[in-house]
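Presented sequentially are two complexes of chain A, the first with chain B as partner and the second with chain C.
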Partner chain A sequence: MNKVMSNKAVIALYVLPALILIVGLIYGPMLLTGYYGLMEWNGMASMTFVGIENYIDLIQDPKFWESAKHSFLLAFFSTLSLAGYLIVSLVLAGKIKGSDLFRKIYLIPMLLSSVAIAQLWIKIYDPNNGMLNSLLMSMGVETPPSWLADTNLVLYAIFVAILWQYAGFYIIIYYAALKGIPESLVEAAKIDGANPIQIAYKIKVPLISGVIKVTVVLAIVGSLKYFDLIYVMTGGGPNGASEVIASYMYKKAFDTFDFGYGSAIAFFLLIITLIVTWLTRKLTATEDEVQY
Partner chain B sequence: MTLLYIALIIVAIFQIYPLVWLFQFSLKSNAEVFGMSPFSLPQDPRWENYVRVWTDGNINLYFFNSVWITVASVLLTILLASFVTFAITRMYWKGSKLVLGLFMVGLMVPIHSALIPLFSFFLKLNLIDHPLSLVLSYTAFNLPLTIMILLGFYYTLPREIEEAAVVDGCSVHRIFFQITLPMTTPVLATTAIINMIYNWNEFVFVNTFISSDKFKTLTVGIQNFIGQYLTDWGAIGATLMISIIPILIAFLVLSNRIVEGIAAGSIKG
Partner chain C sequence: MIHAWKKLLLLIAFATVLVLAACGGDSDEASSGNNESGSDGEGKTIEFMHLWPEGSSKQHYEIVEGIIDEYESNHSDVKVEVEILSNEQYKEKLKVLSTSNELPDVGMTWAAGFLEPYVSGNMFASLDDLLEGPLKDKFVPGTAEAYAIDDTTYGLPLELNITPLFYNKAIFEENGVEVPETLEEFKQVVQTLVDNGVTPIALGNKDRWTGSMWYMYLADRIGGPQSLNDAINRTGSFEDPSLVQAAEELKSLVDMDAFLNGYNGLGNDEAKGYFINEQAAMYLMGSWDLPEWTTNEDNPQEFRDSIGYMKFPVVEGGEGDKDSFVGGPGVGLFVAENSDVKEEAKDFVSFFVEKWGEQSVEKAGVIPATKVDTEGTDLPQMYVDVLNDLNQASNITLYADVQMSAAVAEVHLDMIQALFGDAVSPEEFVKEQENALAQEE
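Then we have the complex of A and B:
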């Protein structure tokens, strides 16, 4: 048995292709990004080593900090919205008829491409013929805002589209976790006279705290690297009001061909992602993991 | 109780109505879009919007590219991920934990922090503006998640059948292809669908690596198409509908597997 199943040649044959792919296309590039950040480079001609100049420029670049602020705002709102998804999931996981259908309907937007979602929401927010402003005007609002052109509103308008896109994703995760709670625990609490809200708050939520922790990390990290929808919907505009770290990096590298600076931003994004992941896990760590 | 239902229904309307609205304006003429209430039903449904964008732009070409690039990447990902998962869960070797860890950390790396070196790498290999750059990137970036989903399933498979096969003198390759792989069909279907949805909708890699129309996929193709037809809402609506219909059909047929796959893929505690 052991002899056949520990054949080194077979193991190498099975593992190496995938390993080469992820080292070559994920880990190698990831490290190179940090290295390219030390270069002055337009992507084509030869590179010049400039040391940490790009990183110093980055720290002094108000546009970069503006985009970082937007990324963190999105991360903050996304984390807050988790509470709403959790409540919806608690309701759905209760003995409610049609919860299966509801879950499936909620999930549909998550399956669509960001480009399609972005184009759809551009139409929804259209100042003249869009769904939203027509609705507002029929309700008597005379001059509804032009959502995506208003520097004060654009980020929130985008956030609503993000909510729409991801609601089903988080609801599915919470629902699956809640369904994993043994029925006997809930029954016991009922016999002890707990009402549904107490059961939810004192029993169900603590029992799925591990999963909640994961979704907090997913929401924050996902928001920090958010790109597609914003890039298509507004291109970071108007006037940088919806620029985020990833869209700023993309513009610097692929629109202005400042690959060294773009790499510095990308490396910063990687580091901040790793730090935030580690920090959220640390901060939300529960002292004693719950046992069923 | 009624209140809860009303809340759930409001959320459902918020999630689904934008798509219904999109379908409505995909069947309208510009006169209807600009002259009537956006909530009105199309007077005389213009299915020719669909025919027009399908034949007029390159939508059919983009559609075909999306199909084959998605299928090729999904097959490659599933095959390589199955190899790795089999070697890690079924075979005995030092360093299997380390290799598994390497794959799992890959889940965390943002695409953007690898994008610029990938671009210059493919440029050197003459793979910029070549579909192979997409297939390889999709495979690499989907491997960690796919392995993670497969892993949970492989641990539940009984070892006895494989052990019996070894005793009978079966080679490892035969065990993998004729015994283990067929047993994983249910989870392969789940991972295939998750992979399909991700690849079909992928934007950053296509937008960065591919420049000529003949290799563009639907996501980037419709983006350019819409750029040219800014005010023709009917055409835009029809284009968007064409891009989402395959996913919606897959969802209607296989929704349970999709839900399962998302739940399995996301809880990585």
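Then we have the complex of A and C:
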């Protein structure tokens, strides 16, 4: 067996199918997108090579930067919300009554499709018959805002729905990591007289720091390319107030038949995401990994 | 080491060849299949792709099946092969098929802006000979024209829609208001309803084309049908005073709270819900919604009975008249330019259009683009009225976003939402659109 596995040709043979799939289905289309970004093309008629014109237009396109700003805002709030999810997980992983039930409740949004979640929140935000405004009115607010029509509020209204959508995902990751901490460490801390907050802060969180780093990268990357709830709930409107990079790309490529420009946006998004991922990893890198 | 890498490269090359060969084999097969269907003198196959699946559009589906059966029994040497997809998938697939030049012989398309990329890519065949020949004078004027680019017609419409202003008679009665004839009277109706705490107009402007219809009617009533059309086809300008005034009138309706609270965040279906739940008094919508107010059993009979419609009010001193409508043809049929059975396909299209015109009103509640004789048909009264209005229409202005190219339409729709949302002034509203139109010239 050892002899076979040290044979480079055999290794190559084993790797090959996966390699072909990855190159053909992931890296190939990626490069192709970058290539289309150099074209003026409506997706049907013949392409015209225009060089980096699309990318120059992109840099000068205020609508693009507006949507990029929204994407980064989402990334910021998603990262921030991780702290909240971590606290919830710490509580759930402790031995409290009903933690099992709560875990299931937090997990429910993960079981729903994005479109269903979008419909649900559209109903909640309905300005006249919706749950939220009915509640506000019963509390004495006379003219509650129309959440999805108000250009100042719409972005945050959608963020709430997105954060809700992903809560279960991160909570389950943290929960699993916390459950992996050896009980003996916590016991030892208890004997030394540490209170639960100290245990959480000084023992548990440092021990799962590797997982936390992964979730930070996931949250940021996921936010930058986020698309579905926004597309269904507002389509990026009203007037671009909730437009993000991915929805802007879709609009350009498929609604206005500007495939070249859409591809340029997509490729630009890829580059931004790569840079941000690299930066995040750099910033959160620590010298020594915790061992137990 | 080097040896191993050489082997790896060889393997990759080999695998690539395999993959390519597989692709090649596929397309070979496809093209030989086409040849068979085309040149084989005995049995010819027309590939037909449509978008009415049995599940979601049963009545449409059945009419199509009936027409095909009849056609096949008349032409024993021709077989029609059907592929059915739902709306969005259909549009996607059509795009993909056209990039690989494998369009079905006969398929469905939409007018003007949708058609353009396909025509510029030389995908659709000219159907002028059908309009000159067997289908001469069969269409309601203005419908087939919407499928023409540079005076050549590339599609034949199956549906025609106008946009009546539907209203709830019960709500009107309760609030003591009458059907308005003029914009002044219309505003009084709106004011009375607002004062009584009733939402006057259901509007879901998240979709934007819904708001566009309001603007188009005001532009038509103030400047006549020409002012907007001329601005779009560049014989005129979007900065025409009548188009500015239309924007101002729209803004004054917005300021009166005429529209449903939160309209810019509500989709059309949600807004329709308010009208159906009798939470709003009026609703401007295409005649494709007629079954909703006449035959749809999901809505209570009492509600359906209380729905009437009016023509959009006129503006004093305006150019437009009451019989001018905003509307346009819906889906139509095309014949692929590179079809192997082009003549048969055209013949089938011509047959289909005629049969569809005879059957679609009664069986599916569709207003066809061909002229309909309402005598002796058993139709809900509202259909008869709308069809009669249609026959007397002085003009039908095609939906603006359909008339414009995709990029300009996007600017128009954004501006509509901005105007409704008080984000632009009427002057900025026309200026932005003028710029977008001028840029494309």
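As a convention for this text, the second predicted complex is superposed on the first by the 270 of 292 C-alpha atoms of A that agree within 3 Å, B and C clash if a C-alpha of one lies under 4 Å from a C-alpha of the other, contacts with A are read in each partner's own complex, and residues count from 1 in each chain.
Convention: a contact is a pair of C-beta atoms (placed from the backbone, for glycine too) under 8 Å apart; a residue touches a chain by one contact, two chains touch by 3 or more.
No experiment lies behind these values; they were computed from the predicted model shown.
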Since both structures carry chain A, what do chain B and chain C do when superposed there: clash or fit?
-> clash
Name the contact category of A:Ile203: first (chain B only), second (chain C only), both, or neither.
-> neither
After lining up the shared chain so the two structures overlap, which partner does A:Asn239 touch, if you call chain B first and chain C second: first, second, both or neither?
-> second
Based on the superposed arrangement, let me know which partner A:Ala189 touches: chain B (first), chain C (second), both, or neither?
-> neither
Who does A:Leu136 touch here: chain B (first), chain C (second), both, or neither?
-> neither
Return first, second, both or neither, reflecting whether A:Ile26 touches chain B, chain C, both chains, or no partner chain.
-> first
Is A:Gly43 touching the first partner chain B, the second partner chain C, both, or neither of them?
-> both
Please tell me which partner, chain B or chain C, touches more residues of chain A.
-> B
Touch check for A:Lys8: first (chain B), second (chain C), both, or neither?
-> both
Footprint overlap on chain A, where chain B in one structure and chain C in the other make contact | 8, 13, 19, 24, 43, 128-129
Chain A - residues contacting chain B, complex | 1-2, 4-8, 10-11, 13-15, 17-19, 21-30, 32-33, 36, 43, 88, 91-92, 96, 102-116, 119-121, 123-124, 128-131, 134-135, 138, 164, 167-169, 172-173, 175-177, 210-211, 213-215, 218, 221, 224-225, 227-228, 232, 246, 249-250, 253-254, 259, 262-263, 266-267, 269-270, 273-274, 277
Can you list the chain C residues touching chain A in their complex?
-> 1, 4-5, 7-8, 11-12, 15-16, 19, 95, 98-99, 117-118, 120-121, 123, 199, 205-206, 208, 260-267, 270, 274, 279, 406-407, 409-410, 414, 417-418, 421, 423
Of all residues in chain B, which touch chain A in the complex?
-> 4-5, 7-8, 11-12, 14-16, 18-19, 21-22, 25, 33-34, 37-39, 80-81, 83-84, 86-88, 90-93, 99, 102-103, 106, 108-121, 123, 136-137, 139-141, 143-144, 147, 162-163, 166-167, 171-173, 176, 197, 200-204, 208, 218-220, 222-223, 226, 233, 236-237, 240, 243-244, 247-248, 251, 255, 258-259, 262-263, 266-269
Along chain A, where are the residues that touch chain C in the complex?
-> 8-9, 12-13, 16, 19-20, 24, 42-46, 122, 125-129, 146-151, 154, 234-235, 237-240, 251, 255-258
